[in-house]
């Protein structure tokens, strides 16, 4: 793996070695290696752009690309893939991408043979910031393990804290999450962390408590716009703003060796009197950013790969769990669907039949001339009631099978031939779902409204309970979210069809 | 000639040698030559800018200038000439210019001693794009002669197809023009091509016909805004959009060796499934752009000149065709103008006298105290009726002579001295008209509303029928267009004067 | 001194040596020295940016930073100090700054260890432009001394003429100021010049008079927006525009060796026919800008310092002028303030007591529990009436002392202990006032509304009459302006307090 698209992509060994390289460059200087770095900044960032640019220049490299979206071709409706492929053809050696959509860096990496560095994709992540943050902690304390690290401020939208939190999964540190409730860390990120480390995190709104206890205070800014636009919202913001502010006075209660970090720019979340204290390390972070990024580019151009923390999905399973055929004859049982040859979807939860029917595209199939019997609710020995659907002369496609399983865990599939059930099984999901599920995020690179023409891809991390993870943005979703994501567009469609009188 | 301002500027030998250089650089690499390229992009273009930038960097050159108009001084009212002269003084070796006005590159070239490359001037041309397009065809087929080349999409506004069409004048290829009627190729461009080659072109709206027959499918995008903003316009657009779309399915009917080209960026005029086929060469074009432009800059900096396809205007003619003086005495003939010494403009078409009168600025002359007899319609032996104008004590300036000839082909000039006609002639136009005629285009660099302070210049390509060609934008105009261009501002002026009660 | 923040910073020796270096580079070429120039352009300027960029590139240096404010972090509320410190950490060797606020370059220089070049700060100054202007005059005439130099056009807002005027303080030249009244040179700039040189200046609206007499015509543009937006204002503008226009025709009355200069871009204040004359030197200025700036950067990177024209404030004085204690007992004198221990501020001008009271923050002090007797007007032997203020148990802080002196020249301070005056004195201002006074300019980097978190600093150039000079923007203020600056926010505050019912 050569791409740096997510802090979750780095193993402990990757981070150790990268930080070591960064510190070495800081000590010994940056070597001149030549080549070309292309920086495609679909979103402005003086700071990150300047840092990569300085690193590239000091590496003796050419810098191409664009520093802000105003000068890109995006406005003309070009996809990220087409834009970045252009620079690959211009003989770039490495592409750095910043984008307002989550997963954009992954989309770029999938389109290119040259390595891609994620310089921030929406609120999703900012892995090189995290790497320089870790370098700074390591430089200060000689270790990251064993340290108490508090992330403060906007933990809901802040990509720097999201990436840092993910990276800390490979360290033995203690994480404090300090934020107003309105911008607290998403639960799934906490769950990811706990699952990976087996550790708890401290969640608090009390900055003073953190200041008195931790080794690292990682500050971010709480934006006014996160609060409701009301008098109360305003007053809540002012309170939060003050509560989440680090001042020299507050720091008098800290350990002498506590360090204050900040990805910058800051407004007033760290008062200027802190700059003069020994605690302030945010300008050192800026400096370390130069060396870390130079080390990273150097490493990539040397062809050194990251081992990564790949998802371990295990072997691809059999895509079906066979069930015993108790009564082979089906045709006579319910005359209403008279199924001599075809598929009987059985044991669907009562009332969910119509969802399955639409989800599997059976309305369209029916309109194309296939005889499909719409869902009926009938009695079930095992469940009391159940919905069933019959499709004459057809078996389920792999995609339909996946959709059925996602929608109805207990549904069984019966393939009937000559009136006899030949085959009866529960669907088992494959390890990778391609083109089945749409990520429910709005600012996501796979969202069709951004016309990126990407095929969605999800990894099935767990089957029971269901947990899938988006290939592009790395977000995990449980069964409830998956079902919501599946039915939302469907409900729109059913509603639209109803209005057109199709049903 | 060192400037690359128009595809019409390149001879066959120029193109052959440039393409050869480009292919050589692609094979052997780009040499490091040093120096400075200035890129003045008065209009944004990520793609073209990136390509020139990459070429310059890989040539080991400095890159200066500005990538978009937002950062230029244009907003402060500075002329192109002043802006580009600045960079010449900063010691640029070559200037690349992109501008929203036709003829801007020529204007820049006229102001500078250093060579100028046109990177696109309005819908007028984009010669380096054409050169890389030709390089791509040549690379694929080993030749451009004998190939069937279809240009598809927006042939009215697309500068890339305009330049390509012009360049194809020096090849023995067959041109297909495939477009919806609303954006078809301007007739004068077709006429230019036919005149230069003696060949016909295929004009069609049927993309499938082209796909089945041609070797090269050169795609461009038809914009929604080209169609009327009505329900019908919308429906026409949707139809055209689909008709002009190239898909993998449609290409199944093409020759195996057909290549699909596109200047990029594309939206959906080429569907993404085409990318995977052997036909797709648009990303190769991107790559070839790098090498072609590097070859071009290298060639220019080596001092190699293009031979060009200069207009052959022949020798400068005598500016008058003498006529026989049949009756020398003029003063007694028509007492009304009693012309003892001065100019009698005779044989003006009936009713056109007033136009000539104003066009030659005779109102102003009269107001300055010169005795000018306004046009009178009198009997003519040869024409039945004719208009005549008498100017006491004055002869026509060269500019007035040109204007007279452009306005009235049959007018004769009589210079009278002592009541006797001493001289009688028809005006013959010189090869070059300077400051006589205003190009009627709106988005033209010589349009006074853009305050570029340029003197217009037209070449007289043909006197009978009249055809003049604008030095800046290269557009040819016939007699009707010339007269319309002459009288439009005049009519405005006459109207304004009438309103002020001047007549 | 390594920073180039103001034309007032350069001594004659500095300018002579810098111009010599510039002319040498023009003759011998620009050496390649390496390193990094960071250009932070918080305001767009193609021309100045291009010039520095070309200079840096030809010096073999890397160029980083941002060319316009759109791509800076300013929008996110970051201070200039934080932004420029970032680039210092990226290992820049020299920082060039352009900013819309006066004093911004000084603020940057104060925050950095690396040298800073001012590339224009509001209407305040543009020292490198001045240096290249002087180089151009010197190159043409071999000297600047003895020349008659006319600055023409907008002398109120034009930073180039402001810097040039300041620099001419070290030459023996004659200055003509030619402008419409509405944009005439600020009086304080004229006073500064006169004080420094002992010379008079010619002030006129008659451009022709200047053209007939001077050696150098330094043109700038008068903007339409400087005139009132009325019919009369429009007509005044048109008149001024014509009056301040230099044409080839007007120049026929000039000395043959007269040179026309312009910082560019020009619109029509110099007509294009002047370009062809021997007088036109504005494009030579562009060229000289390249070499001057290269020489400047080279000099800075070589560690050569400017000697500067530092303010000579003399030795720091005793901060008090002791007065004779005529009657030591105070407590019994006016029972109303019963001051046994504390400070009696005496001899305040009648009616000014309340201003002093608020200015010294005594309302706040009183609210914090200190017994403060608000100003009373009582009889005075010396002045008839006077205001007095008593503060129990407190002495004045240094800042309060300065404020008292600035507000009331004649006030005396009495420190009372045990009912006896132990100490009686007039305050003497220190050489430097820190955090005492706010610069009254609107577009000033210290204006709190721009949130730069800077402590104001003023130099006391003269005590009688009072003249202080702003460290950041270099503007001098007299006693009236200082008092206005002090009371303006105070009056706001008093008004606000009154409205809240605090008084």
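Chains here go by letter, A, B and C, matching the order in which they are written, and residues are numbered from 1 within each.
Keep this in mind: a contact is a pair of C-beta atoms (placed from the backbone, for glycine too) under 8 Å apart; a residue touches a chain by one contact, two chains touch by 3 or more.
Keep in mind that what you see is a predicted model, and the values were worked out from it rather than measured.
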Type of chain A:chain B copy interface by residue overlap (half), same or different: different
Rotational angle, Cα trace of chain B fitted to chain C, multiple of 5°: 120
Whole-Å gap between the CA centroids of chain A and chain B: 53
Multi-partner residues of chain A (at least 2 other chains): 70
Parts of chain C lying in touch with chain B, wherever the complex brings them together: 44, 46-47, 49-51, 53-54, 57-58, 67-68, 70, 264-267, 272, 283-284, 286-287, 290
Residues of chain B that touch chain C when the two form their complex: 36, 62, 64-66, 70-73, 76-78, 82-83, 85-87, 89-91, 453
